[in-house]
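The following pair of complexes shares a single chain, subunit A, combined with subunit B in the former and subunit C in the latter.
Entry: the complex of A and B
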């Protein structure tokens, strides 16, 4: 894969050399691409074209826009209301809610299922995401029956960030190439806090001190909105820490 | 129609907790506004106000019409506001929500009924011809404090606006194009500005200004003062919410006066900058057919 990032606009022609050609596996199209029979590939979103030669996959990544659920992604949702068997969970404002079965929590039975009030937050995984259907979520691993950190989020504060920022925050350290260093810098400065990132552009921060939560939230949001580089992020953290003390 | 987005429980409890500790989510002081930006368009009478993430655009236009039969000596002046799905999907076109109606009424009371614009000066021939001045207010994005920013945008746009010059000889009315005669400003009497105070806490004892959308959802009451820099109050509206102490209201009025002076200075400064930008070669004074008052 070339190191130079390739950007495409909707309807652009994609250079055939960029399309992965694995001898055995079929080509897998990710979001933002469309197959026009017989053999054309057209981008439907503006963004960076990302190819994965090993998986023989290709997709377009955007950092803006509304979150579209995809299977296996971790999201932070807000409970809208509860029905007899499911919770209606909103993943982003003004969109159709996702469904979270009330029994898909760790060791939940009909009698011991958690009761969540409207407005409560849950950290969940997307299990079903089809076009034209409501997405479905779970708070327990179907294979092991363990929560693995999923479940209701109590207290703390929810901050909204862009979808691209959420993706960066959830990437392993090595993959994101030191693009986001704010959280590490804040932790090095001696702040104690806990975060959870949802792929739907939500960041949950909890700490004992109110000020810490505000500082962490502001640092992330400013980094996101002004798309700060690593050095600028360090400067921002220094400034915020100074204001704090 | 999609439901209005609502803050989650965590956001509610945390924001209220922070406010009770005297902290705001964007690290502002309780009585501090977000950075306010005012800019004018290339045309006369277009004002663009940015207050944090809130953005409002006001556009003034004028045309010659027949005056209302019961008011033959007055021109027509109207303000129309529009909150469309661009702001949030919960707003629909042609189905005004409560926010929109309250905003329209407040602007009406503040600017129109306080006589900020001298409507008699818009009359051309009594009972036959008059100017109809119309302000279109477009809310481009809403993140709280729509009232203050809208009022500022409307006042700034009206003060920036120039209508075509006219003359009457006998029975004939001539309207000059901008090439023939320099357009003239409206006859403006005073500039009222709105300041909204939001109350938080058990008895509404904590006062915030320039609240964001999230804070606005959680307030227990609010009061809007409209007054000009001389301290002449046009209206005070407290629509429902928790009752608050009278002394607090008086303190708010003092703060509103200070804010109104600040807004006046800002608008004056921006108008002067804009006039300087337009005044190429310094010929504007000679082009103007107006007499000094």
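Entry: the complex of A and C
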């Protein structure tokens, strides 16, 4: 999108030419920016400043750190415990749990609601993220009443990856844009598996064979930790497939 | 003096980590946060900044607690703590290496405040916080200075431990990128005029990055000391480029 990446440190001055100025739409501030009244705009993170002129938005892009919930993001949560009306869901370690109302599942009523044991996984959307309140989640679209792929994740196994890797995996064209070819390569090698990625750095993998689950999860984790390029990912997949058979 | 070196995100289990080495000191910072605070130290309006200094050998004592007490308010001013109520931001600073002082036997040394280590601790903590993507208002850097001779005219930047021992007074000053004074600690005897000179010198050393080509006017003082803010920018820029290679 933007030609030259602009690196900013917290408190840096942002060049006015980088701030989008759409005649009608209001400016939208993404993560990593702070508005200091009356008219100052300061970065709060060290990263690359990205300007989206179509959406009239500006944000600072980083690839590491702890997940902080934001409205609209898709996450994978672990059920901690169940209260009378809500489930307490953990999105990342050592943070306050998010709340998932028991009725915000597809076609859930007081009588028919999914019973989730502690430790169960859910794929959910963040509906409320406010610094003074616990985050809230939903597993159903509030407008249509459809699940749209959200809901309990049955079986499979959860792997932890970095927040930046989770973002790459959630890209629609991850092979072209994100240079993450490891999943495509594993599938081409004949493995059959299902994955779901949450923005909170969680990757869920399911397959009929336990070996496949572990191979896929490990491959992603290794790609993340060693930040492997496309060719190295292919080499890694070849090695793993050889070990598997 | 050798230029500073740093390694970022080298600890896999923490949210952010940094290894900073300069002037004989090597510090590893591990940052976790914002995480949920324990009930007893929970503040409903702001985040708690928990600084933990661990010495290179043995367990921490009063000297380390005093360093923590100096660093904690400085870091609290850099983080927008009101954006994270009921949270803790944990900064653990492990001293890996300290410069050797041939004149002092460390085994018989009394526990005392070591001002010379504060700049390294602060820089490591800031690098750790930035790699952990903890929001910050601004960045800062600090420097250590000593007044050596009796007339107070000679101010030395980045002294060695031996110079600190023989100095008349030792000062540590920290400045944010916006040239605001963040941290000021002094030890020894000095006059108000001398302190003013120290303040001026420290500001020049810490905030050199803003004045392009400011090195020429630096004159004598601390021309050999590295500009740490510029250094932090370059290492973080390299790290960001590596993490966002797909852009």
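Operating definition for what follows: the second predicted complex is superposed on the first by the 240 of 245 C-alpha atoms of A that agree within 3 Å, B and C clash if a C-alpha of one lies under 4 Å from a C-alpha of the other, contacts with A are read in each partner's own complex, and residues count from 1 in each chain.
We adopt the following convention: a residue touches a chain if its C-beta (ideal position, glycine included) is under 8 Å from a C-beta of that chain, and two chains touch if they have at least 3 such contacts.
Note that the structure is a prediction, hence the values are computed from the model and not measured.
Note on subunit A: of its two partners subunit C and subunit B, the one contacting more of its residues is C.
In the superposed model, A:119 makes contact with subunit B only, not with subunit C. In the superposition on chain A, contact of A:214 is made with subunit B only, not with subunit C.
In the superposed model, A:94 makes contact with both subunit B and subunit C.
By the touch criterion defined above, A:204 lies against subunit B but remains apart from subunit C after alignment on the C-alpha atoms of chain A. Residues 93-95 of subunit A contact both subunit B in one complex and subunit C in the other. Remark: subunit B residues 2-3, 5-15, 17-18, 21, 23, 25-27, 88-90 touch subunit A in the complex. Those residues of subunit C whose C-beta lies close enough to touch subunit A in the complex are 9, 12, 15-16, 32-36, 78, 80, 83-86, 130-139, 176-178, 232-233, 236-237, 240-247.
Against subunit B, in their complex, subunit A makes its touches with residues 78, 93-95, 117, 119-121, 153-158, 204, 210-211, 213-214, 217-218, 243. Of all the residues in subunit A, the ones that touch subunit C in their complex are 5, 7, 9-12, 32, 34, 42, 44-48, 50, 61-66, 68, 93-96, 131-132, 164, 168, 177-179, 225, 227.
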